[in-house]
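Common to both upcoming complexes is subunit A, partnered first by subunit B, then by subunit C.
Then we have the complex of A and B:
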């Protein structure tokens, strides 16, 4: 019995040792050639007080020449740009971390939303969230930003402009 | 009797020898009526050898099958947990699948943050609540239900 358990342990260690480098490849934090950068999301509500918003952000990097015509297989796909953190906005009404799916972390797509039932609401252009990304150091990501909804204190939707800025100082 | 001598007595091997007379008696008792031909003797011995050799082969497989299965199970578990984001779906977004179906509070055909906002305003205004808004099933309609709706709104595989 003891010998069987020992054999099982040794075989398991061997399998893990042989296969782990393949499955974990490229997912270890701090690997060389990676930088971290924030992306600041701004919403311009015009004259309307902003009480609720929801948007989707997709980050991607242009396909490199060496990968053209030879795209990675789906089962080995790992996004080059990864979302690693989400912060709230600058106005007190949206200062807390917004809602997002935790599955978005380590992914390149996220849906972010927040609301405030308070009386003090921002108007005009305001930073509503900051998203931290892990990016390959030799590439500049492309961003696709899509506003789902912006609403005032009564829950009425209004058109708004959603923009982003990159860089540390905001 | 001294203590160490008593222990020595118990520690010593038991005497398994039998007396010659007892051995002869046993021989007489189980002796065959007539002499067994050597052919039959060999055939019986061969059959016995075959009979006992078969389970040994089976045991050889068993001896390897159990550790190999255990090893494979351990290895799969290790590799699965080592993968980033390898959490069971239930741990990633508890109760969302059920909530996603029912959280369209404002009835506009989509689940978004306005549903959570509507519910939050309703709760803050202390207006009568509908039982179906108890999305987390704790018997109360409160901020936790608002969170459930909001999380359903931002769920990735739902779309915007």
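Then we have the complex of A and C:
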């Protein structure tokens, strides 16, 4: 074997040694790379008292193609976000945890509905629910929110605006 | 550089590279052994297993009580506890990196490390063979760091503290030095509590356990109950904890709601595939988020975990379920089980439900374990229970033999019952029976329709005139459980029942009495005629039976079902047992394989019977089950039993659904209808027209037909829980098939139904995470909630220590 070849092999082995993953130090066993975060859903009913609502939330994460050196494809998503809890809203009328449709539940998609038969109903902008999520830690999800219906105590539908906010302090 | 030098360098580099690639994976195993976030696939290891002494290392145990040193800890008596310091002394050649030392360079001077261990004396009895009275379990008390430091200083060991891996060992690990002879199961993914801090605190009765209170509210409408169970957890310790509670629910409970309550905030849990939910929970727990997980271990045993409860904080978990009430001999019966009875698991099994003493998590080798309080201990956990009955027709009588109750009523068809504040220890089933007036009980359809379609349940009552017909001669086989859990009151009641039943046999009948515990034996080599002389001898035989040993029920099954059947007689096999076994699937499989023409009519005996097992045995055995509680009248129950089997059943039952288009009916084959024992049928339907359902069958050689009018518009005949009841029944049927059908599609089918209807099952779980707040620090110590042994059951003969 030529000296240059031997030298190359030695260098290669040393590189392997240096670049080997340091999993023994500081790494935790278990599923790496997820975080938990809430999404707060707000409904603005204007002057109408809100007695019932239904909406759909889809949370998507672009394929992490960038890790492979390719740009992410805008039309290709993976269901990496998982819904891990549904919490009630801020007004007493909607404080109870709202129901979701189990048949329609997917990892990243949920249909939520609630109603209140009480006399004290919220008007204007109010937080109606908080959705708790497990998200891949290196990505920021994209959210799609669809209001199916907002109605008053007589069952009359009215136009309303549905928005969301992220972050822990609400 | 010469080529030979290069080659040598190459070899060195290759070796270095290989080691570099391999060591991390070795390191992982090493770390899992002592870290709290060990994965499910890794069994727990002891310090001595993960850090075995090398040949150059000497171990020395120092009893902190008297300072005595020894090569190994003293043999302790059952219940005795002693704290030792384990010193490891290494020679200069010892590579202390094996002990997790940051480097070996400091080993030249003072090659000693010290670890504190609490050792519990154990009494394993025959099952553990030579392990009896040997020290079995060693805990590392987290509450003793100062003691450890003081010890190290005293011994001149301050130059070397604990190795990093050992220092990270938390209090809730149980180290097994002397392994039991039975194979060890894969440990649960959570740490096991009990040693060290928790034991000390509880024994001193300074701080109660994290489950403070359970509140149960039931609403009965017709024969369907809607029950909300609230478990109130609170952290009374000074550090963060994870609470783990193994608890029972009715075997036919359709659990479909799960809400975690933190102060005023209510977070609805999400139903998910079980493994996925467990992964989410583990990750949330690891990252410090408050989370809760509900899993099903058996159809009537569940595990509740609540992670990251901060000191002084309270978290409630609210569970809601539907179930259909049993109806027997004129009474509807609402049952709420309060404690899981201590189960016996056959040697070699690892998938059972272990029964261990408080703080002894892990010693049973079973996947699921229940910790039990000693008889002189009492946790602060109590229970409140209230039931509202709306029978729809006048209630004639309400009775509760298990608890002191307070009853009120503001209408003839309604009643409110709650357990007395003086009877709040959760150590026995709550059994409430009520009877409606006159002959108002009739077969009727209850329906629910939503966007998924129509669902119904039909409680099918046997025709009244069955009572006028007499049965054919019987071959009666009594199978009496004489295991340790039956010792005392349960076996006394079972023996009384057998003796009473023997006296009621007719001259044309034959009988056999079989007893089983570790093995089975019987009264005679074959069934004998029920002559007065034979009955007298059999009663003497029964009188001599005692309860002790394990519950090898399979031996009783074989003895009862494997001998030749007398074709001229109707063969009835009657098991009298508490059902405290962990291998239910094996038993049900054995019954399925051996039943033949036999029918199984069993008695569940005790205060907290394994009703899942007894009910499934009755269904598989095409018979029925009755329960004898501590305060029930033996004579009444046995007489009713005889009334039931003294008349022929309605057999070959078929149903014509009229104009309803019916599918997915469970049970798929309608069982025989016996006197006093209706059958609940559930299914899906399409159609909106009123109709008449016709039930046809045979009584002997005669045809019999029942007509049941159906009024779909009648709101009194609807119930929102019917869809869940149907889905739960479908899951039950699929799970029953799984005991004898290897079809790989069954688990997936169960999971699909459970996810679609948001139901607990073997393959699904509820997960709830509060992502708005991340608690500080590590996930803390895992505390299992110990429970009392059921009323009438002896701790000493049933719980492993």
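Methods note: the second predicted complex is superposed on the first by the 122 of 170 C-alpha atoms of A that agree within 3 Å, B and C clash if a C-alpha of one lies under 4 Å from a C-alpha of the other, contacts with A are read in each partner's own complex, and residues count from 1 in each chain.
One rule holds for everything that comes next: contacts are C-beta pairs under 8 Å (C-beta built on N, C-alpha and C of every residue); 3 or more make two chains touch, one makes a residue touch a chain.
These numbers were taken from a predicted model, which means no experiment stands behind them.
In the superposition on chain A, A:46 makes contact with neither subunit B nor subunit C. In the superposition on chain A, contact of A:124 is made with neither subunit B nor subunit C. Look at A:56: by the touch rule set out above, it reaches subunit B but stays clear of subunit C. Of the two partner chains placed by the overlay, only subunit B lies in contact with A:109; subunit C stays clear of it.
Contact with subunit B, but none with subunit C, is seen for A:146 once the two complexes are overlaid on the shared chain. In the superposed pair of complexes, A:155 makes contact with subunit B only, with no contact to subunit C.
In the superposition on the C-alpha atoms of chain A, the part of subunit A touched by subunit B in one complex and by subunit C in the other spans residues 7, 9-10, 16, 20, 23-24, 99-100, 102-103, 105.
Of all residues in subunit C, only 1, 3, 6-7, 9-10, 13-14, 16-17, 20-21, 23-25, 27-28, 31-32, 35, 37-39, 259-260, 264-272, 276, 279-280, 282-284, 286-287, 289, 291, 452, 755-758, 767-774 touch subunit A in the complex they form. Within the complex, the subunit A residues that touch subunit C are 1, 3, 6-7, 9-10, 13-14, 16-17, 20-24, 28-31, 34-38, 82-88, 95-100, 102-103, 105, 130, 132-134, 168, 170.
Interface residues of subunit A, counted against subunit B in their complex, comprise 4-5, 7-12, 15-16, 19-20, 23-24, 27, 51-56, 99-107, 109-115, 117, 146, 148-149, 151, 155, 157.
If you check the complex, the residues on subunit B that touch subunit A are 63, 66-68, 70-72, 74-75, 78-79, 82-85, 92-93, 106, 112-114, 116-118, 120-121, 124, 147, 150-151, 153-156, 160.
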